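Following are the structures in question.
Same chain, two partners: chain A is paired with chain B first, then with chain C.
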Partner chain A sequence: MQSTSLPSRPLRLRPAEWLLENGLYLSTLLLFIAFALFVPNFLSLDNMLVILGAAAIKGIIAAGFTLAAISGLLDVSVIGVLALASVLTAVLYERLGWPLPLTLLVVVVGAYLTGLVNSWMVHNARINSFVATTATSSLFLGVAIALTGGQSIVITRPELQGVFLARPLGINLAIWLTFAVYGLGYVLLNHTKLGAHFYAMGINYQAARLSGIRVGRVTRIALVISAMATALAAVIATARAGNTLLFGTTITGYDVSEIFIIALLGGVSLFGGYGRIERNLVAALFLALLYNGLQLLSAPASVWLLLKGVAFIFAILFDTLRQRQQAR
Partner chain B sequence: MDIPILETRALSKSFGAVDAVRGVNWQVQSGTVCALIGDNGAGKSSLIKLISGVYQPSAGEIWVRGEKAQINSPQDALKLGIAPVYQDLALVESRNVVMNLFLGNELTHGPLNIFLDHRRMALEAQRVLLEMRSRIPSVFEPVRKLSGGQRQAVAIGRTLIRQGEIIILDEPTAALGVEQTGEVLALVQRLREAGKTVILITHNMSHVMQVADQVAVMYRGELVHTTRKEDTDEHQLVARIMGWKPENKESKENKETEAA
Partner chain C sequence: MAQANKQANNSSGGGVSLPVPTRQTRGSRSLMLLILDGVLPAALVIALVTFGLLLPGLFFTPENLLGILRYAALGGIVVAGFSLALIAGQIDFSTVQVGILTSAVFAALYQYQSWPLLPALLVALLAAAACGLLSALIINVLKVPSLVTTLAVGVLALGLSYVIFDFYGATGSLRLSRPPVRSIATATPLGVPIAVWTMLLVYGLSYGVLNYTRFGAHLYAVGGNAQAARVNGVRVEWVITAVMVTVALLAGLATLLFSGRNITVSPSAAVISAPLAAVLLAGVSLAGGSGRLERTLLAVLFFAVLGIGLSLLALPAFVRVILEGSVFVLALLGESARQHLETR
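Now for the complex of A and B:
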């Protein structure tokens, strides 16, 4: 056999596999068409931008979450990091009057540090990632509350919103940033050595370690990226809301379960090693679409929660079934 | 080739009260197949893990190519050309042959060498499989779809990709059928022909007699016997594995009273 020609890739997908692979895209398309036909005011440019904007923030968080999940790390410290990043932004920028670039720099450093804390817990203290990040979430939330003394801070200086709510070429900066994050994530996961190591560590930690992959370093990078993505989302959300996301002791409007749903629908496995970041974007869109449609229909909140629950269960079942099929 | 490619000097490893490896002085010559045999619990796996950087010695030294080596991690061992193939093969099941062959060692190109070179890896993977005369149909096949013998080939292939010089095979034929076992043994001989040094851990005496040049026997953590294949046979090896020593007749009687 001539070894100078590239071997061809096999191309076969049974119908059931095809459905599992593309069910998400199909569902999103069908939902879109259904809403376009039956929901008044749905099909307008403004509404489309609203949907994209809503999908953006959660999508960015989900991107970071997915990257860590692919490495086998479940980073649920989202709420804590959101709170901390939002509070840091408000305190430094608004209360202390710091210039925006410096504030953002500190937020980046803060996110980096939270990522380090998480990775120390997981790699050095060898604590299960889900447990460890649940604990650190409380820790970060506590720090955030301490920084504000429990009070909400309203952003009055115009630059933050000026930058993050800008609409270059008529499209929200948030949406641009989302595409940038996903683009970088895609390249990282599919075209770099580090990306290959994320997958390897996620599927078979021992194999990765014994092959010479520096699992401590990979863990650190994955969790730092997750924290940074969340921090970015926090800054955008703070700008959009006009005040800190923290109300008393909780963050309203953001729920870790939604991030899970987006990641799971996007094909991430809770067992690590699976996930394609581009699908997350569609999953985030799907949820945003659903929410938007229900809003326009003036459906009661319970419907949204019920459907979210169904989507969550469906996504977990899909993941479990896929794992079992793989194990054959 | 007088300087052994691998040498251990008084190498020891204890886990609490258990002495897994006790003062092992072992020399492995370059380009030979050295069988490491011994009963379960004799310390073979522990010795190998010391050499491959998974464990750190409690005492003693490891010398590679005539120089003292500090092996504190699997990466250190890999850099010295020590390429272990563990019993569970350490393969990533859901990924394909190419990615498994290059695990931890992926080829890159482009600016700052960040981008994976899928093309070059696929070609290289094919070349290695061809060299091993493996019958794996496609390098894009996910590993979980391969048979035991094919997986073994991928695991061994990885050592070739890594330019491994000292290839350690831990019970490579344990879970294989007759035909696949034959393939693996043929592979071992091909590795030697390519100038590699192979350390083969096995329980199967007939395999030892088939492919090994040297045999090292471990018993209760100690290296009790080394010999050339020509100077021994299966019976003698089995006796050594069970702790038989040739010094005097009393040693056998001592064992009987010990057991009583």
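Now for the complex of A and C:
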């Protein structure tokens, strides 16, 4: 306020900043209102639960991805881990007839190991996290294909679905689990020392290392959490589909770009150090709303894909704009 | 290097700018580097000998060797562009989707709108170039790392091609049966498939450009240190634009040949699924600024030998997926060791 040129700048920037901060909430709300007005059956309770359920699985994956991204690590081994966890669940539970808790335990251990492999590649072998996890993803996918020989396994025992498709208090377990994951992630990031270390490592790796943060340990934890979240999503998705997610040598319905879109729309910086996990929940909801509305309008698949591409480009634009705002 | 290395620094090296690798560090470490360089030719020879022994009278036949070349050709064309981009410090993850878009545009114009061959081809390749241009624009103006940029452009390109698929293809794929597309794509002048000729031409031209032209030197300069290149008068933005457009055009060309051979354009027409693995195996550095195209050709041939050999042995699919995944990971570790040796 002392200088003459200063007061005008914050005033001029305020609407843009406000829009960058709240644009996601605003557009989600607008989308919801538009669909509610113009799409029949959109507002039914069943449809709301469908939207939340769809948002849940991708939201859980995005939560882990975000945590790693905040630490400056891009974990794109999602497809490989999804395939492996889904196949592992189906093979142990359906083919070998293991009890559910034991199956889940092994899946958790498997996810832990994939996280360890990733962190070894990134920390010990010093490979760019994006490339390292691209490579390990194809390796995990290979192991998953080896476990089934490329055949899909139909889940016939009722217990898995009984547990994961249960609706305590009328709401799918998947939705409860999503809230639990985000709650835990929120507390971890905002109220623990480890959370502060995640941010510190993402902002400046060398500075974090020199100030005594055990970067190897933080890297390992971030990538293990990311793998675990993906594995949880895989188990839920397998229960929902009643089938392994792997068809032949590919996974359908899930791809890394969607996770990127959710994280970017949620305001996570791909350079690390910036991002709030709770916003991702809204971003996942936004995408699920969009998909659901388009489906109810029976729009062709191309519209959805095209909108996804446009959303991705816009999300990148927003990310850049936000960085420039902060740099000023 | 600017973008790719910023990312690399973020995850493994931190925000501090690392010293640029120089040639003067050659010494006792040169032996290790020599061994690392020798791994690829050795692996190729070992693979050839192994398959020759396991498949007597089946592997070393003129038809099969030509088959290996043909198998390598289309992917090899894409990988050549991919290497050029990586040398300039840019990763392009949109090759598959840009290729599909190019073929879809071509099929729409040539098959369904009955355009003449050359204008249809031209517009299809323009579509590919536009994708490359868009990537370059985002990289240059917004300073977004190429790997994220091209991921986004890839989604957009796939979305656009689905618009065409929805519009013309009732079954989810487009026909491309109007002559003479198939006879061109499967022509064998002098007994060698046209795809192989194209690959050889692409590698020959790229080799010449990389090693004997100023533009080639600029590619290495931009990949090695974009800031230094700029200070020395290299138009960095222009170089990045040129290289991104080249990759897109090569991806489009390869997929066009692929679709022409199959008389159909499908949304899953991937000429090569993991170009990165081949490029890393060839020792092209992820940080940009180094890499030799003749080694890329060797890596492409290695993957082709592996693919053909394994399919002749009739092993289950997962063996191939796991083997290729392992080669990818090993190539990465080799690259990591090389960088470690060169920067120390």
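Observations on the structure shown:
The definition used in the following text is that the second predicted complex is superposed on the first by the 314 of 328 C-alpha atoms of A that agree within 3 Å, B and C clash if a C-alpha of one lies under 4 Å from a C-alpha of the other, contacts with A are read in each partner's own complex, and residues count from 1 in each chain.
The rule is simple: contacts are C-beta pairs under 8 Å (C-beta built on N, C-alpha and C of every residue); 3 or more make two chains touch, one makes a residue touch a chain.
Quick caveat: nothing in here was measured; it's all calculated off a predicted structure.
In the superposed model, A:Q295 lies in contact with neither chain B nor chain C. In the superposition on chain A, contact of A:S152 is made with neither chain B nor chain C.
When both complexes are overlaid on chain A, the residue A:N243 reaches neither chain B nor chain C.
Residue by residue along chain A, chain B and chain C are tallied for touches, and C comes out ahead. In the superposed pair of complexes, A:T192 makes contact with chain B only, with no contact to chain C.
Of the two partner chains placed around the shared chain by superposition, chain B is the only one that A:A200 touches, whereas chain C remains out of contact.
Within the superposed three-chain model, A:T134 lies in touch with chain C and out of touch with chain B [touch as defined at top].
Applying the stated contact rule after C-alpha superposition, one finds that A:Q161 touches neither chain B nor chain C. Of the two partner chains placed by the overlay, chain B and chain C both lie in contact with A:R209.
Touching of chain A by both chain B and chain C, each in its own complex, is seen for residues 204, 206-209. Chain B meets chain A in the complex at residues 54, 74-75, 78, 84, 86, 88, 90-95, 99, 102-106, 108, 114-116, 119, 122-123, 126-127, 130, 138-141, 144, 158. By the touch rule above, chain A contacts chain B in their complex via residues 1, 3-4, 6-7, 9-10, 190-193, 195-197, 199-200, 203-204, 206-214, 273-274, 326. Residues 4, 6-16, 138, 142-145, 147-149, 151-160, 162-163, 165-166, 274, 276-277, 280, 286, 316-319, 321-326, 328-329, 332-333, 335-336, 339-340 of chain C touch chain A in their complex. Residues of chain A that touch chain C in their complex: 72-74, 121-123, 125-132, 134-136, 138-143, 145-146, 149-150, 202, 204-209, 248-249, 256-257, 260, 270-272, 300-302, 305-310, 312-313, 315-317, 319-320.
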